[in-house]
Amino acid sequence: MVIIMRPDANLPEVEAVVASVNALGFRAHVVPGLARTAVAVIGNPGPLAPGRFSRIPGVARTIPITTPYRLVARETREAPTRVTLGAGPVFGPGNLVVLAGPCAVEEAEQFLATAAAVAQAGATVLRGGIFKPRTSPYSFQGLGLAALPILARAREATGLAVVTEVVEPASVEPVAEVVDMLQIGARNMQNAPLLRAVARTGKPILLKRGPAATIEEFLLAAEYLVVEGNPNVVLCERGVRGFDPATRYLFDVAAIPLLHRLTHLPVIADPSHATGHHALVPSVTRAAVAAGADGVLVEVHSDPGAARSDGQQSLSHPEFDALMRSLPPICAAVGTSLTAPMAHA
Amino acid sequence: MVIIMRPDANLPEVEAVVASVNALGFRAHVVPGLARTAVAVIGNPGPLAPGRFSRIPGVARTIPITTPYRLVARETREAPTRVTLGAGPVFGPGNLVVLAGPCAVEEAEQFLATAAAVAQAGATVLRGGIFKPRTSPYSFQGLGLAALPILARAREATGLAVVTEVVEPASVEPVAEVVDMLQIGARNMQNAPLLRAVARTGKPILLKRGPAATIEEFLLAAEYLVVEGNPNVVLCERGVRGFDPATRYLFDVAAIPLLHRLTHLPVIADPSHATGHHALVPSVTRAAVAAGADGVLVEVHSDPGAARSDGQQSLSHPEFDALMRSLPPICAAVGTSLTAPMAHA
Amino acid sequence: MVIIMRPDANLPEVEAVVASVNALGFRAHVVPGLARTAVAVIGNPGPLAPGRFSRIPGVARTIPITTPYRLVARETREAPTRVTLGAGPVFGPGNLVVLAGPCAVEEAEQFLATAAAVAQAGATVLRGGIFKPRTSPYSFQGLGLAALPILARAREATGLAVVTEVVEPASVEPVAEVVDMLQIGARNMQNAPLLRAVARTGKPILLKRGPAATIEEFLLAAEYLVVEGNPNVVLCERGVRGFDPATRYLFDVAAIPLLHRLTHLPVIADPSHATGHHALVPSVTRAAVAAGADGVLVEVHSDPGAARSDGQQSLSHPEFDALMRSLPPICAAVGTSLTAPMAHA
Amino acid sequence: MVIIMRPDANLPEVEAVVASVNALGFRAHVVPGLARTAVAVIGNPGPLAPGRFSRIPGVARTIPITTPYRLVARETREAPTRVTLGAGPVFGPGNLVVLAGPCAVEEAEQFLATAAAVAQAGATVLRGGIFKPRTSPYSFQGLGLAALPILARAREATGLAVVTEVVEPASVEPVAEVVDMLQIGARNMQNAPLLRAVARTGKPILLKRGPAATIEEFLLAAEYLVVEGNPNVVLCERGVRGFDPATRYLFDVAAIPLLHRLTHLPVIADPSHATGHHALVPSVTRAAVAAGADGVLVEVHSDPGAARSDGQQSLSHPEFDALMRSLPPICAAVGTSLTAPMAHA
């Protein structure tokens, strides 16, 4: 931390700051300047609360220096992490993993039909929500644990790996027994009890960025997972809250190369939630791939107009098929390729 | 819902929309215009998903008409809700309830000292976190259930009502047995399992606005509580995510009169988290009172520089005292007055 | 500036940074840390471009230390600036200046009627736009210079000081000859040619914050004015762009005490543009006064429903009258009082 | 416009709204609903001000139906507009136009060197600011009109078309005599006097999106240009204000396909200003191309570390060269190709 003094701070005030740093067991390094003096704090093992110094007379403000996340930082570990789902798809350099499926599991036959369609089109991970966090209590909330056998059946029928969201600690264990990857949704990015419960299963985790989360907060949420001993974390950019109601969220495509600079974890993108409109999904998916995403998560429904949630943003089977056919040349341009499907069970 | 057609939509396209509305069991009302036609949907009991119509050829966009929240709407119930904590403070017109205390319970004697100080200064509800949702896993996370006896002791010693935050369903019950009001924090505003668990205790609830939540989303989160049969909900504006790092959050003072127009629930303000800086808290507290808040939630610490969380934004005992002395004339100007303390146990 | 090195930066990389600082004629101060080294730059007379160092191998990022504004900074000049309009109202500590009137001058008799009404209610400055920057080219753009005589007549008839907005350098001079204060609108906060032209008139200036401007950018826009030799600058918070369409803009009430800490210039508030809705204006005006504003700018129209611009947010004469009557006790609570009107011409 | 009544609105209140619509010369269409009544306004030639109805008792709110922009709307004209610079590059379907060069013209030889380098790498338009709108009055503001001959010389030497920004009406004419395209910068997107002056030159215009502008506001700014009789407008997404200081602005990649749906004007992207960091520019440029941009605007400097403005975000000559070599396969994937250079003068 660097403590910036006011231009009119006097020597006793600077000395009081130094004493206060020393009292915490750290060393203070006084940096004189033309306009004002700064005091660097040395020897602190992690970030310091700004409140410790901001009330000392003569202090203008404090500036953090230490990066607050460690285990997920690329500065700590240069080699990219690879996250593998069972015998199947691997998130990491060189691969583009396509995760697809309906927003929610609504009914078995329909779900199996979409599973078969996305597998046929080249997806290797199947998504399907059984717990749906909805803005309104009157909206469809998902079928719950009762739908787990449908996920298992789809997995067996298609050979796709399966990812689904969990929303409270109590249901983490039964879900983890069935699926290949657990998703923590955007609303729960900072739900510490849930993060800990999911991490402790040891399963691969798909962590979505909260709509108001900075990149630093996103990485700190991932740190909650990795610090529990589970390194199998895949980050997902899914749009942040913007000021323009023209799209549902504002897709932060620059977050993809930025995260690749800051962390060794794989980074994927969810253009469906980000844009909220099916007509924008193909272009934004292609943009994410061109920006270097390690995967894309696309909502697909056999009859989007009749979907019980998010029909507005879901692609139909033919639309998804067309999108998939457009990806290989872009993959080639950025040095990735579509992953091969998981060995069939 | 009103479905807006493109200017170049032809008659068969309009008829297809009408047929699609009828197929759902609703009536369609065609509204011809100079530039384009609109189709109003009549007879739907609640909001419709836009995805149902947006893919029909000739449709430009859809506009929701129905307010998605019902029980909390002022249109449904004109009379303001009054929320009473035990024998004590009442949130509602004419009263300004002051909730104060440290961000987190750190140690018994210190907490009791602050409790006594805020009671002395005129607060009637004591705040103190035992579960602290923190951005970093390395930050102090609170003392947990072990600190419940400290809350009980402070309550008994001062006669203050006590509010504390819960962060997962599993700890709702033990906490509800001790405190007078349960807080749902900003990060958990849309945590449905937690909302339901808290609502079912029947206890008064303090619901904080999420930092990226629109007013409509905030009211829908409150609807999750009230629909469970618990009408004792107090809303709290605590700042939203803004683009300027000069303050921690952006305090949305206009949300106070806006919420009073839209809902019958009491509305309070948290200037401490909103601004993130103690020097701004007194002015923003006064602004909230002048805007018509039914209460204010202020962080107070006996030694802010040494606080284990949020010291930067906490007032010292004398600072809080000075703030409290400035409030009565503003209360008088807007027709409220500071509540009397709870009858001592 | 402090240059933060990567944890894995080696000694030659640190030395290269030092050499690069020295090459610019400044001194480098190496601050070793547990996790990483930092290099403080000493002797630079103003902010340095981050691009100078960010490409040197081993550099993680750079942190500015120097405040980029100088003349407007409270650190430079502790005493509050007082801005006086002619023989009339003074913006500064102890006074609450009320500026009121219609969004735009539409017609002489109507404008004179509103001028008389706001004067009667206690306003001391009359607002009225003759150039209206509008989002759509099809909206009413104001009467232009032809309306200057109407402003002059209203001024003479009521004794109110007059403020109006200018939108391009070419019309600054003719307008400055008639009015008491020139307004630079939110859209033009960073329009440097306009800022310079207005500053050079020597007239008092009302500078509105841009809807996406940080506090630092706002103060730098003011610096553009003061550096031209015109210290008569009044800052106006008028709402920033938020993510919730429930209000037109998001009124940043905390900006008022924050600006008072950072600058010696007076700070007023515009609750009309900020909220965009007449029903919210009175509460937000009272909040601004309670937060310490040196003035408030309120849109008033004799027939808001018929206004050619901003009728939605304008108060009627009786609504403005009621608002004015509610202000004195709040003023008293924060140590200000309504200004006396300008001596009648 | 649709006027939504409150659920408790009575018949006389609905009739008053109808009368008020009729009084304006329009027709009212009453749409009864289960929960509330709506009144559609028919026959209005353009958007109505909401203030006309919002104060009538029983009115809950008003909803605009009419799109406020017309000439630029794709609904008005389906065929994409092609904008041609002299004998040279054409903005429109099938072409990717690359505009490159330094942020500002600093010195003739250096500028000519960069011009030659970007031409060599495949750019067909040269950018170079001579008026730089800067946040601080102490930053380099550009060489002004004195640098026009440098632009002309670079154009002649390389055969590149030239684009530069104008910042006030007074300098539009002399600049228009020299360059091929006039840029209106993000800060001036709603500067109506400047928009009109630039449009009236008849020259092709590069209009940048303001950092807080919605898509609708952006299109209305373009409408200001086209309504003056100049259809040669190219839109440029350059990042909007976001809440995360990790990047300079938040690049809104979804705006590219969204604008293509809403308008017939070409759409390009500026990844340099959007991200503010050279390391992110290549990935974001590729994303923009994959999303369907009709062009990209990239800052290039012969010695970025020494640039007088925006060095942090400028690519060096070799970095730009590498970026250009990566684009053709992405262009091929989305059906465009790099434009051929302008016929050499």
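A, B, C and D are the chain letters, set down in written order, and residue numbers restart from 1 in every chain.
Keep in mind that, in the parts below, a contact is a pair of C-beta atoms (placed from the backbone, for glycine too) under 8 Å apart; a residue touches a chain by one contact, two chains touch by 3 or more.
What you see is a predicted model, and the numbers here were worked out from it, not measured in a lab.
Novice: Between A-D and B-D, which chain pair is linked by more C-beta pairs in contact?
Specialist: By number of C-beta pairs in contact, A-D is the larger.
Novice: Farthest chain from subunit A, comparing Cα centres?
Specialist: Most remote chain from subunit A, centroid-wise, comes out as C.
Novice: For subunit B versus subunit D, what separation do you get between their C-alpha means, in angstrom?
Specialist: The mean C-alpha positions of subunit B and subunit D differ by 38 Å.
Novice: Counting only Cα atoms for the centres, state how far subunit A is from subunit B in Å.
Specialist: Roughly 26 Å, centre to centre.
Novice: Per the centroid of Cα atoms for each chain, what is the distance between subunit A and subunit D, given in Å?
Specialist: The mean C-alpha positions of subunit A and subunit D differ by 31 Å.
Novice: Do you know which subunit D residues sit against two or more other chains?
Specialist: 212, 240-243, 245
Novice: Any idea which subunit D residues touch subunit B in the complex?
Specialist: 2, 4, 6-8, 29, 31-36, 38, 40, 42-45, 60, 63, 65-66, 75-76, 241-243, 245
Novice: Considering the complex alone, what residue numbers of subunit A touch subunit D?
Specialist: Listed in rising order, the residues of subunit A that touch subunit D are 212, 214-216, 240-247, 250-254, 256-258, 261, 274-275, 279-280, 283-284, 286-292, 326, 329-330, 332-334.
Novice: In their complex, what parts of subunit B are in touch with subunit A?
Specialist: Residues in contact with subunit A: 46-47, 49-56, 68-69, 133-138, 141, 167-170, 187-188, 190-194, 210-212, 217, 220, 223-224, 227, 241, 277-278, 304-314.
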